[in-house]
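Look at the two complexes coming up: chain A is in both, with chain B in one and chain C in the other.
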Partner chain A sequence: MKKITRILRWILILAVACLMLVLPWIAQNRYQVHIVNNIGIWLLLSLGLNIAMGYAGQYNLALGALWGVGAYTAALLQTRLGVPFWINLPLSIIAAVIIAAFVGLPSFKVRSHYLALVTIALGEAMNLVLVNETPITGGADGIGHIQMPNLFGFPINNDERYYYIILIMVILGYVVGRQIVGHRIGRAFRALRDDFQAARAMGVNTGFYQILAFAISGAYAGAAGALYAQLNTYISPDIFTFNSALIVLTMILVGGMGSLPGSVVGTVLLLVLNEYLQVFQRWQLVGYGIAIIVVVLFLPGGVVELARKFESFRQRWLAGLTKGKSDAEAG
Partner chain B sequence: MSVTSIFFQTLIGGIGIGSLYALVALGYSMTFRSMGLVNFAQGSIYMVGTYFGIIWYQGMVMNLHVPYAVAFLIGLLCNALLGIVLERIFRPLAKLDLMLMLLATIGLGFILDNLFTIIFGATGFAVDSPLPNTPWNIFGVRVLPQMALLIGVSFALMIGNQLFLSKTKWGRAMRASAMDFEIARAMGIPTNRMNALALSIGCMMSAAAGILAAPIVYVSPSMGVAVGLKGFAAAILGGLGSVPGAIAGGLVYGVLEALSAGYISSTWTQAIAYIVMVVVLMVKPSGIVGEITVEKV
Partner chain C sequence: MFLEIDHLTMQFGGLIAVNDVSINIEKGEIHGLIGPNGSGKTTIFNVLSGYYKPSGGKIIFEGRQISGLSAHQITAAGFARTFQNMRLFKSMTVMENLLVAMGYRAKVGLWQEIFNPVAVHREEQRFTEKALELLDLLEVAEFANELAISLPYGHQRRVEIARAMATDPKVILLDEPAAGLNEIETEELRKILTNIHERGITILLVEHDIKLVMEACEIITVLDYGKKIAEGTAVAIRKDPVVIEAYLGKEGNQ
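Up next, the complex of A and B:
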């Protein structure tokens, strides 16, 4: 029985992997591939925020601005200095990590609502820097004419080819994320989230792990930024705001806070729904608001919670069945 | 104009916009102290209240041009009813985790914003002042009559609210239920009704701010976004949950914004206000007033 489920699981994973590999060919048009690419970028953001918030309990609502840091670093390096993709991607990640560590500094002093507010304020202040420092960032007009990457003479010049870069980055992000939360760091994060004083008393270096949580979400945001800039070839500051952080927050809450598969489910669900519900225009947004309230009130663990509930129900059902059987045998 | 009169000019502008923030901050504080809940829909409630009042004044309903004072009262009344409805919605939320609470109230704000955009359209409109538009000249400082009205009525409302909370039986019952929910209930205070009253007062304050400021600012369904964020900042600046703190926080935030716009740089105003807020929070997280506020578990 157990062996069969294991084989089924591997078949499922293989099927999903094959589907992901051939996705650009089975898509009906380029727009669909573009949507999938977009989902990949938001996935990186939501994985990063879920590690910082869901696991470590550090409210990093400056995420939108950190995403912008990554995007602007890549865009400026690319347009001004002609730095190629495979160098400007790690550099954007490093830039976002450094800024994120600074954003995390107030967490030594403030927590919960206050930390949320401080990070919102810092994020908005950073966004204003992007808007106002026109000579460097291009102001509200943003930066255009960013080139799509060219990997060792092979041009990645359309959505189908870019898809594979995003796929690699998302898989990498997911695997690294799993390693982090399964590692000592992940245990320290959970200790930090559940009981700060106890974690400290047990010898967890709380300050270090707080900054680390911010830095990790910054790394994901930086990668997402560099990918975003070179996918769209144009960036402007209006997307790198608190609103984007809120959208990501909604994704991980709908999917499941403190669960990496939850991040994936939430992001894919919301973005795919978003495409299908576009015909309803404004009413779609009203429905979105109602959906958020319903999820919060009735399913606070997110969609992943539903799967977990189903699994425990199934197990109880199975246990009940075997019990009935043994009773019958005894009788 | 002399240096001092420019200073006072800026100061008056700051106090005007500050009293607007203070009224919105009061909404946050009244909700937080009574239910232990941060209501991020407060900005939307401010917008909704403005519309509830201004549509009557502007003749958008059956071409009725009711007097400004009557429209003001209608707006306040409608928002008071909204507050009672909100208390019922928020009751199950108050027990939840901060992030869930935050998200649910943001969801609520989202619903209100988009409903009003569907009903009234995304483009806003300007509102005529009920008072003459020529500024008064007081010792070389020019003050718009509407600005004076905004400041005057706001202060009257804030003082009235403070008196209500400290002197009347209902006010005392409200403070008791904010301080200790269970003991207040054991003493026979209908705590849920007190929470509804607190939310109603908060919503009325926001409506008052919106209707008073409508002739100065521009009325549109997205007008609540920035004010909501700044009102929250003001409430935290003063000490979340404290009524005098909300007023002080609002005024400080408004004056700070005006002074940095007047003396440093108008493009960096927002950024400076945000940074000062962060610094204040770091140095004194309990806010300027520093009252020990209710801790709800």
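Up next, the complex of A and C:
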């Protein structure tokens, strides 16, 4: 039984992998590939926020602005200095990590909802800098004419090619994320989220891990920013706001707080729904609202909780079956 | 002197919770700390484990001042504790609770933690083995993969002690470990204390179960209203008129 489940699992993983590899070819048009690329970028944001918030309990709602830090760093390096993609990407990550670490400093003084408020304010302040520092950031007009990457002579000049870069980054982000949350760092995060005082007494350097949580979400946001800037070739401050952080928050709430698969499910679900709900125009937001209420009320663990519930049901069912069998044999 | 609480005072606004208390604790002893409610026992624990910075006095451990260090540094210096109102990590299994406590001794660095799965795996195995050994000692190994807070109360108490032991302490602070336990469980707790003691770990015990304290502790310090009123062996404490007065009130008052 177990063996079959394992084989099924590998088949599933292989199928998904194949699908992901050929996706640009089976897409009906370029717009669909663009949507998928967009999903990949939001996926990085939601993985980052889920690690900081779902695992470590650090409400980093300056995420939208940190995304902007990544995007502007990449855009400026690329347009002003001609720094190529494979250098401006890590530099964008580093820039966002540094700013995120500073955003995390208030976590020494305030927690949970208060921390959320402080980080919202910090994020909006950073957005104002993007809007008002016109000589550097281009102000409300933003930065245009960003070049798409050219990797060692191979131009990544359309959505289909860019897709593979995003795919690699998302897989990398997911694997690194799993490594973070699945071991010592993740346990320290959960310890300080579960019980701050007990965590300290168990030797967890809470201050360090709080800043680390912010820095990690910053790293993901920085990568997402650099990818976003060079995908769209144009950026402006209006997307790097609290509003975007709120969308990411909705994604992880719907998908599953404190679960990386939850991030994936929530992001894909929300963005795909978003496409189908476009026809309803303004009513789309009502749909969002209802979705959140339903999830919070009936599935506080997010959509992934459904899978968990199904699994425990299945195991009970299996246990019941074998028990019935042994009972019958005994009888 | 192994552990020296030197003229410790802890003041919260107008309230003096601990008033000029000095206690000397020898290596390897089981030292009881008793007193009526509000006499400052838990406050002393909270200062010892670094939650509060003392308003006056200091704490010297193995010749080094530890008062003023932050909680995780004090843990690293060799202190572990349990809590009056058990504080197990609620999202974690029993095993994970112990692994958290071992984390600060990890040899695998932060970057390796993310980018070197082989080293991480090896260390996880080493930690898991040690944790199992401790769970075995406290006879809760069979619950290693269960959610810690789903266990019966008495078992949770043991897991909490195992978690404290997982930090590999020299001194363990037990804050009312017998609270909520029945007689049989308390008797088992006494055996656990002996086991820990035999491993050479110094035990500081705050407990309301006087019988347990009298049986288990070599030296007992009695506090009342934040002041130390008596110190000595169980036999001496039992006869001390000041202690009797603090617990039962003056005869003339009745």
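The rule is short, and it goes like this: the second predicted complex is superposed on the first by the 331 of 331 C-alpha atoms of A that agree within 3 Å, B and C clash if a C-alpha of one lies under 4 Å from a C-alpha of the other, contacts with A are read in each partner's own complex, and residues count from 1 in each chain.
Rule of thumb we're sticking to: a contact is a pair of C-beta atoms (placed from the backbone, for glycine too) under 8 Å apart; a residue touches a chain by one contact, two chains touch by 3 or more.
Because the structure is predicted, anything quoted here is derived from the model rather than measured.
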Return first, second, both or neither, reflecting whether A:Tyr114 touches chain B, chain C, both chains, or no partner chain.
first
Examine A:Arg200 and indicate which partner it touches, taking first as chain B and second as chain C; both and neither are also allowed.
second
Just chain B (first), just chain C (second), both, or neither: which does A:Gly258 touch?
second
State whether chain B or chain C is in contact with more residues of chain A in the superposed arrangement.
B
Looking at A:Ala191 after the superposition, I want to know if it touches chain B, chain C, both of them or none. Which is it: first, second, both, neither?
second
A:His183 contacts which: chain B (first), chain C (second), both, neither?
second
If we overlay the two complexes on their shared chain A, which of chain B and chain C does A:Leu306 touch? Say first, second, both or neither.
neither
Residues on chain A in contact with chain B in one complex and with chain C in the other?
none
In the complex with chain C, residue positions of chain A that touch it:
176, 179-180, 183-185, 187-188, 190-191, 193-195, 197-207, 212, 258
In the complex with chain A, residue positions of chain B that touch it
38, 92-93, 96-104, 106-111, 114-115, 117-118, 229, 232-233, 236, 240, 267-268, 270-271, 274-275, 277-278, 281-282, 285
Which chain C residues qualify as touching chain A in the complex?
49-51, 70-72, 75-76, 80-81, 83, 87-92, 96, 99-101, 103-106, 108, 110, 113-115, 117, 120, 123-124, 163, 166-167
Of all residues in chain A, which touch chain B in the complex?
53, 59, 106, 109-110, 112-114, 116-118, 120-122, 124-125, 128-129, 132, 242, 246, 249-250, 253, 257, 282-283, 285-286, 288-293, 296-297, 300
